[in-house]
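Reading through the structure tokens given below for one structure.
Chain lettering (A, B and C) follows the sequence in which the chains are written, and residue indices restart at 1 in each chain.
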Amino acid sequence: MNADHDARPSEALPARLIALRARTGWVLLAALALVAASFWSLDLQWSAFWSRGSAASMGRFAAEFFPPDTSPPFVRKVALATAETLAMSALGTLLASLFGLLLALPAARTHARALWRVPTRMLLNALRAVPELVWASLMLIAAGLGPMAGTLALALHTTGVLGRLFAEAIENTPPAPAFALRVQGAGPAQVLLYATLPQVAPQLVSYALYRWENNIRAASILGVVGAGGLGQLLSYHLALFQMGRVATILLAMLALVLAVDAASYFARRAMTR
Amino acid sequence: MNRGVNSGRPGPSLRLERVSVRYPGAQSAPRPALQQVDLQIGSGEHVVVVGPSGAGKTTLLQVAAGALRAQHGRVLLDGEDPWSIGAARRRQLRGRLFLAPQVPPLPPRQRVVTAVLAGRLPAMSLAASLRSLLVPLDIARASAALAPFDLSDRLFDRVDRLSGGERQRVSLARALLAPARLWLLDEPLSSLDPVRAARALQTLREQASLHGITLVVSMHQVELALANFPRAVGLRDGTVSFDAPSSQVSPEQLRWLYAHTPPVPPPPELGPEDLAGSAAVPMMWR
Amino acid sequence: MTTDPVTLISPSRSLPRRDPALPGRLAWLAVSLLLLWPLLVLTEFRPWQMLEARSLRVTAHFLTGFLPPALNADFLATVARETWRTVAIATAGVSLALLVAVPLALIATASLSVSSLAGRMAAGPFAVRQATRALMVALRTVPELVWALVFVRVVGLGPTAGVLAIGLTYGGMLGKVFAEILESSDAHPTRMLLANGSGRLQAFLYGLLPQAAPELTSYAIYRWECAIRSSVVLGFVGAGGLGQQMDSSLKMLAGNEVATMLLVFFGLVALADAASAWLRKSLR
């Protein structure tokens, strides 16, 4: 037997790497199985996409977007919807910052009695887990059609997000100033106002501004379920197949998102000066 | 500033009875931070605590302030054991003392005026504290507290624009505004140059004498300590080496105190959660 | 609790100084209030309306329907089927996204640039790379809901619209992040391979992929988890799955069905989160 066929221990792979490769192999297999099952179980209408006629109709469809409708009365309507969307995102983020801070206090490990911590964190997780659109659909029941439902939906979801971020920021604040005030006998609210918040406030505002960037995108589309703003206008004109108007609305959405992104970026930069 | 306005009750007495302390999380340390410490400080007395690094000076002040709970022995503030009373009464008791940690505990972006006025918080209602955040309620008083420390002109600067020495002086100025009658100052002159240090010490002692405040200061500048305080306590390796009138402290005692000591890690930083009695830190005050 | 407010320091006899920050603070306060008013008006923010008798009745009726959650066998079978469809839409969508993202990322990454081996990248390849990046940004920027709305018009209601929407949006996201991961890896082995004449694909497979693989898979798995949530949201505009079922139950004000589905949704998200975390850890 040729000596080359014998295993050369110095060149055998370490056991850990073999196990990793084996695991990777299984995971890859499972993933491929999942993908195959997914494609097979959904009856996807590929034919609608790939047939020869459909390519032409897609081209026609795309052409309907040009030119975008720029008639003054419609542009006015879009401008109003844009303002409504902007207001929804701003007010929703503002409310979420307030309530997020209120909930972050019992949720933070440094301030809380353990009794409050777990239920508060569970509440924040629940608020976070439900997507904004689902909240909007729920809020429509309580608040009716219109932007108030959208504002509340954004506020509820973002409270969950910001509450958790705020709690972590508060936990990571250097403890010495708060400690000194508590030793002296200052009340917990006073310690918060004079020691913790002064240190952590810029970061909280930064988180809120960053979240605003996400919320403007969310606010733009909440309207498709009836929560006001550009989304409501979009779904209305899409249903009527008025693609030129849809194009205008999409352009307005893009401009709004870019504007808010820029505003948020510059505000955050100004704060860290 | 020299008028004794409304001096109120005299400073509380402080008494440590066979106090032994280990820091939470330092259970495996070779020896406790404080061992069997007995100390009696009368109302209005001025005492300086000297000793090498690692002797336990900071621990002593923190135990006296109720920031640390002793495993053995007890601490009596004006005859009251803080651990045997309810949380509300304990907070009242805390309002009677003022602890200045070694590192000035000032939020970096806060303005000096607000940082100094924070010393008065135990005596302020919540509404007043809120209002004072928007517009400082008593700028004049803050200015008067900073004046003996030569910082009146920095009233509206941010704390992080101050030097280390200036921050330390702001932290000391808080004491002048606190309603406390017991001052526990941990190395209050460590960042100050000799001239400023002497002046600050003089201010603190004058104010303490004027109002009957009990003053306990830890220092490593021995000459300054013995020259300015009537009574000195020497601490080494967590035990009291000597406790005598300053005039009677001999050079041999000092030499023995500062003889070669192995390096000891600094005491861990405590946070407000340590005061909250959480399960992970079972010996903290609430 | 009020201790004796002893004042050690009486106010100095000189005039108290004005706080220089006060005018600025008052100005900020005024501006904020001024901006708050139009916000409240534009969003028709009248929370007290929710407490009016009529809406309160509707809300109460819906909320009381929450308990007990609908647990009959037929409905649970429907929910199970729709939950699987949601997962399937997400998986198919992310697979499509990978098909889109991988070529785009490979084109866009500067690490595979042959022309830059000699110094600055040539103008032609640079333009192609920038264009690819722009394409990925464009795909990302359009919200997936908008894509789904448009595709529902083209291919009709059902999962195809959802799969396509997720495929395109996530394609852009995955592409951009993949390109960033590839570029932040050590380019040295790759450049050596390219300099020695290997093809770009080979250079990628042997140079970049080995180091970048863990990060790439980690991000892909994370995005799969996000896609599950997206697919629920897309259901609200007719892309099938749990979301569509929830939408119809909400419209019928069937609180008990909505309650069940919310619970299932929470469970699904938690499961996906756990699975994703486990996968990412075990592949390290």
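Please note the rule applied: a contact is a pair of C-beta atoms (placed from the backbone, for glycine too) under 8 Å apart; a residue touches a chain by one contact, two chains touch by 3 or more.
Just so we're clear, the structure is a prediction, and the values are computed from it rather than from any experiment.
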Contact-pair count is greater, between B-C and A-B, for A-B
Using C-alpha atoms only, the most centrally placed chain is A
Whole-angstrom distance, CA centroid of subunit A to CA centroid of subunit C, is 5
Subunit A and subunit B have mean C-alpha positions lying a whole-number Å distance apart equal to 48
Between the Cα centroids of subunit B and subunit C the separation in whole angstrom comes to 51
Two or more other chains are touched by the subunit B residues 91-92, 95-96, 122
Shared-interface residues of subunit C (touching two or more other chains) are 3
By the touch definition above, subunit A meets two or more other chains at residues 185
In the complex, subunit C touches subunit A at residues 3, 38-40, 42-47, 49-50, 55, 58-59, 62, 84-85, 87-89, 91-92, 95, 141-143, 145-146, 149-150, 153-156, 158-160, 163-164, 229, 232-233, 236-237, 240, 243, 246-247, 250, 253, 258, 262, 265-266, 269, 279, 282-283
Per the touch rule, the subunit C residues reaching subunit B in their complex are 1-12, 16-22, 25
Within the complex, subunit C is touched by subunit A residues 20, 23-24, 27, 34-35, 37-39, 41-46, 48-49, 58, 61, 83-84, 86-88, 90-91, 94, 126, 129-131, 133-134, 137-138, 141-144, 146-148, 150-152, 185, 217, 220-221, 224-225, 228, 234-235, 238, 241, 250, 253-254, 257
In the complex, subunit B touches subunit C at residues 1, 3, 5-9, 88, 91-92, 95-96, 111, 113, 122-123, 125, 134-136, 138-141, 143-145, 147, 155-156, 176-177, 179, 181, 207, 210-211
The subunit B residues in contact with subunit A across the complex are 65-67, 91-101, 103, 105-110, 114, 118-119, 121-122, 124, 126, 129-130, 133, 178, 180, 269-276, 278-279
